[in-house]
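Working notes, beginning with the structure itself.
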């Protein structure tokens, strides 16, 4: 029998030499100095595009021609989703569907497959979608390195739009993402270093190891804390379980006597961490959270010393917008860098909108969409 | 007390393990032996300990309950959505949670005993159904929020003059333990263990084994409900609260020397198994065993502790990994 | 075997037992329940390692670390407890652990052929090598058990109460087989509580008492009373307790009882009466008792207790109504093996009459004392008791509830002569106190000796009734569907 | 002629076996799926779709075959998911992109997984720890190693090795052939070798197996070694698919509970001693068909879980019913 191979041209994961992520040199594996410096600089850039539509804005775009992808509508748009296993992704997914509904004239069919956080399933999903009659494929990869070959294979057949976690290849028409994890982590760390001062005690709460966007956050923060002489009393993983987070913080309070700051790579357990201070009868620390509803509410109610860097969920809208632009043959940036606003004491009230679910993300960019807020669970 | 803890003269090994761990914690952190610290430890251990008590009933009757973890999540998420910050809704919603727990336990029990589905499968299926259903209902992420009143049992305590604050969790745990011991000493308790040992013989002795086992599943689900109230109270809404709790609870029960397959072991030892697990986490934390290697240490210690417990029990009969309630129309 | 000693958890079970087997002899091993017979066989077959003593075969000292090595040394054993895998076929069971291999794969064809040949040799025609064991009757399973032992080229075959679950004609076939084995020079070690078998088969008898050998004598120099005295340590009345005289009203009545394996059974038992139920293996005796007890209820027909119609649809209902049943398979249906003697004895009380549990504990103790339970105490787990002693616990459990109707399915299976007499006494006492007893017992002399009347089943129907003192021939005639010689109007 | 008769004798037995139900169910679900999809204007039984379903089953199939052996032996293995992750990493790191290192890489994975199986088996038989806890504990140990040594995908496998994950012979993916080969070998092992017979015996009743001269501990250990080897193979396959090793590839795929679910769906009794690989393959395919159907219908991810849970319970309830009926018939057999 004929032997055919679907191995992506050049092979998977490591087309040439070792990919960035392949050699685990302890600690620095996720640190890329150039990218780090670029992101920190990007924080100060002004984004192009409509200020009231941050999901349409872009930083330092290098536009690319897409005329060869232009086809007659209405289109069949496909989406391979890593999972909806956390509230961030849930809000994003809801927003994305709402965005699709805004374009029902152009999108006749929207097929989405959920890989349930399994790389292998997502590879098959992508193969299946590409094997169908999709006009464009949006991918939110589960793991950067391992999804690369599948995405590369897909690039040869349909225009591919990647957002959030990224892949190790340039073949997608555009890669959409906010400024990035280094910027997120650095912003939070700079704020805390300023609040607790040299020698101040900071506890770092992380979700889990191994997700690059999260690793970048800590990699940047770690450097800033070291440079500013902040005493990092612990780095713990919470797996986003509020009870675990609260227990960990209680233990540290007991051990350390007092803690001045809490740094988080993901704000989900922020309120639980603060409650540990309350239950121990301790003053609330300075804290860096995220744009999650319950954290913002707590912030407002308690008048926290806080800051919330964001990793906006509105990028899920951008992916659909970009797909349509590509199918229309309009130019898109080859790397679509979205702004990454930071919530602080001054602009808090501008972002906090009451009545949304506790795990809602404020930067969904969905406030003006039809069925808001009901569709987002209010 | 000794009589309570022992059987045939020998104190169950789990109590020795617990003592060693507590002493080790006290050595690393002398503050630990202060009443406040001990109470805090009990407070933290309470949800798992209560789950272990519930799981004990099921395991000693010869079954498994893998659905408790997802049931805990369901209960917390349901409570948040229904209460949605409304204080006055607290009690009615708690009543509803209890009813839901009752229903799930009943389903687990009836499917296992009436449809003869091995409980490992019943409750594995239930785990999938529950975790899927609750997020289907809430659209993927928890909604609403818990009331302050709902959070009292898990978060607060009662002020006892001259002693300080005693967490409600600790008191509830003591009550659950007392209730469980009383239940196991009743005729029902004896028939429950006999059912786990030989359900055919027990059925022929006039025991309605299907009902007895179903009751065990209901008790387990009610324990999960109580644990959910404490966990939700302790740390608020989360989609992850129940994750992995079924394995922790089963591990705790087995650490207590209770035999998977049924028919052997005491409820207090199962509860002590949960205290051992929690003490183990605390100690590893205190020793600063890095987050990552923690699992490895945990795995080794769990195997060692169970091996130690197994040394005392008869070696001749190796129970099956999964008991088989093979269809036995009684 | 010389100087064999064995103890469990510090309790001595065998003390320096000597035993020699000669080629071609049948050597009977007898003794009370718990005397250590099964333990000795298990030592011989490598299941237990002895604490002291040696085993020599043809003068060569051997030690067996596991059953496999004993197999290889030519020792085969038929255990007291079943050693079959219910989900596997007869051939797979027969060759378990010794599967023939050809070119690396199991030679299933050879296995089937050899099994078929063995089945033919023992005269079994009811099933073949491909039958799944769980589909066989208890007696058929016992046959498989025997074939399994024979399939090895054993020079020593040990049989632990092989006839306990066999019907008479199968016992006969087994005897033929044993004789053929010995003719080939194989030594047979034979454990049984049935006196007639010992005198029919054995060349020599070794008596064990409390784990020590009392004596070994040629059977020719023995008579039953002497043997009993050697075993029990005192002479025993050879007779059954006197029958009751004045029966009360009808306690238990079955009218048109029909179940999958029963057709229109009519039957009545009066207070104080012991009614025997006879029949061949599979004739429906167990089925009848289970139906009355509600374990597999009648699908049609009526049951009355003291004249009142009752619906006994579950054991619980039956027990509440005053019916008790000693089941024939104590391991599978009678005992919670990991629970203590006391737990087991009180189980029914706790389950159905929790208020009476306390008083019941006292009564249980009396019953256990009367049947002579040998245990390390009330807290001992039942699984560590000898087979006969386990049976005594089952009896105690049911007598503790003071039933109105007592259903006994093979109540003396596996218990020693002394205990048997005690059980007979107990049954009579209960009857005298007004209980109605329905007794199934495969040993005809015992059934006849104990019964005030005998109902004979044939293929699920009541073939007839016989009065007290009927002969074995009468019973067998009815049981095999032969001409009715003496029918007694009811 | 005789061959025909011989075969005919087997037919009813196969039809009555526990696996038959699963294959029938599989057939029905495929028909149902085809009907639903074509009613919505889709095309279900296309070659592409069928192959997609098949290749999706490969990893789970290989793991589940191993799990079948462990379960038949009266045990079970909760450590497979972590072992799969570990295996993928070992493969990718040893190979490190070098085609010459493929063989050493494969051998290293097989050695490591055999070792894990050995540990599982020894903990169960020598330390008398229940399989549930033993394999859960060993799984935790591996988890710790993964978490402390790796923070994400690592290593890389050479393109040549990726062909295992991507090549097709004719229309059939190599991975599917690999799964079928593993299943075939396992079936042959279980049905036609002494050790296979002993696996059934130990799972049916350890004590009976022991007094019958079966080396019970060795059999249990062997069952675990084979189960772990299958997990190792699955890890190799996934490494070839991903091009790298990934610590979470096993747990994210849920291969532990899912493989057990597939085995049970295939009619193998959880308590051991009854069942076989044929049913497991059907169980795996059934899960894949359902998954594929859900995808075609674009069902909510959470709804899938609900349906999966219900299907698993329902299927096993049906087997139990069949078994009950079989028993009832046995009791009804009125003597001739």
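Think of it as A, B, C and D in the order they're written, each chain with its own count starting at 1.
Everything that follows uses one rule, which is that a residue touches a chain if its C-beta (ideal position, glycine included) is under 8 Å from a C-beta of that chain, and two chains touch if they have at least 3 such contacts.
Here is each chain with its UniProt name: B = Autoinducer 2 import system permease protein LsrD; C = Ribose transport system ATP-binding protein; D = Ribose transport system permease protein.
None of these values were measured; they are calculated from a predicted model.
Chemist: Among the remaining chains, which ones contact both subunit B and subunit D?
Modeler: A, C
Chemist: From the centre of subunit A, which other chain's Cα mean sits the farthest off?
Modeler: Following the centroid criterion, the farthest chain would be C.
Chemist: How many angstrom between the C-alpha centroids of subunit D and subunit A?
Modeler: For subunit A versus subunit D, the centre distance works out to 35 Å.
Chemist: Compute the distance, rounded to whole Å, between the mean C-alpha positions of subunit C and subunit D.
Modeler: It comes to 43 Å between the two C-alpha centres.
Chemist: In whole angstrom, what separates the CA-based centres of subunit A and subunit C?
Modeler: Roughly 73 Å, centre to centre.
Chemist: Which subunit A residues sit where two or more other chains touch them?
Modeler: Residues 84, 209.
Chemist: Could you list which residues of subunit D touch at least two other chains?
Modeler: Within subunit D, residues 147, 207, 328 contact more than one other chain.
Chemist: Could you check subunit B for residues that touch two or more other chains and list them?
Modeler: Residues 140, 291-292, 317 of subunit B touch two or more partner chains.
Chemist: Could you list each pair of chains that touch, in label order?
Modeler: Going through each pair of chains, those in contact are A-B, A-D, B-C, B-D, C-D.
Chemist: For the complex, give me every residue of subunit C touching subunit B.
Modeler: 293, 295, 314-316, 318-320, 325, 327, 332-339, 343-344, 346-348, 350-352, 354, 357, 379, 381, 383, 397
Chemist: Any idea which subunit A residues touch subunit D in the complex?
Modeler: For subunit A paired with subunit D, touching residues are 1-8, 10-14, 17-19, 21-24, 29-30, 83-84, 111-114, 116-121, 123-125, 127-128, 131, 142-146, 148-149, 209-212, 215.
Chemist: For the complex, which residues does subunit D have touching subunit A?
Modeler: 48-49, 52, 55-56, 59, 96-97, 147, 149-159, 162-163, 165-170, 238, 241-244, 246-249, 252-254, 295, 298, 301
Chemist: In their shared complex, at which residues does subunit B touch subunit D?
Modeler: 111, 115-118, 120-122, 124-133, 135-136, 140, 247, 250-251, 254, 259-260, 290-300, 302-303, 306-307, 310-311, 313, 315-324, 326-327, 329
Chemist: Looking at the complex, which residues from subunit C come into contact with subunit D?
Modeler: Result: residues 45, 47, 66-68, 70-71, 77, 79, 82-88, 92, 96-99, 101, 104-106, 108, 134-135, 148, 260-261, 282-284, 296, 459-460 of subunit C touch subunit D.
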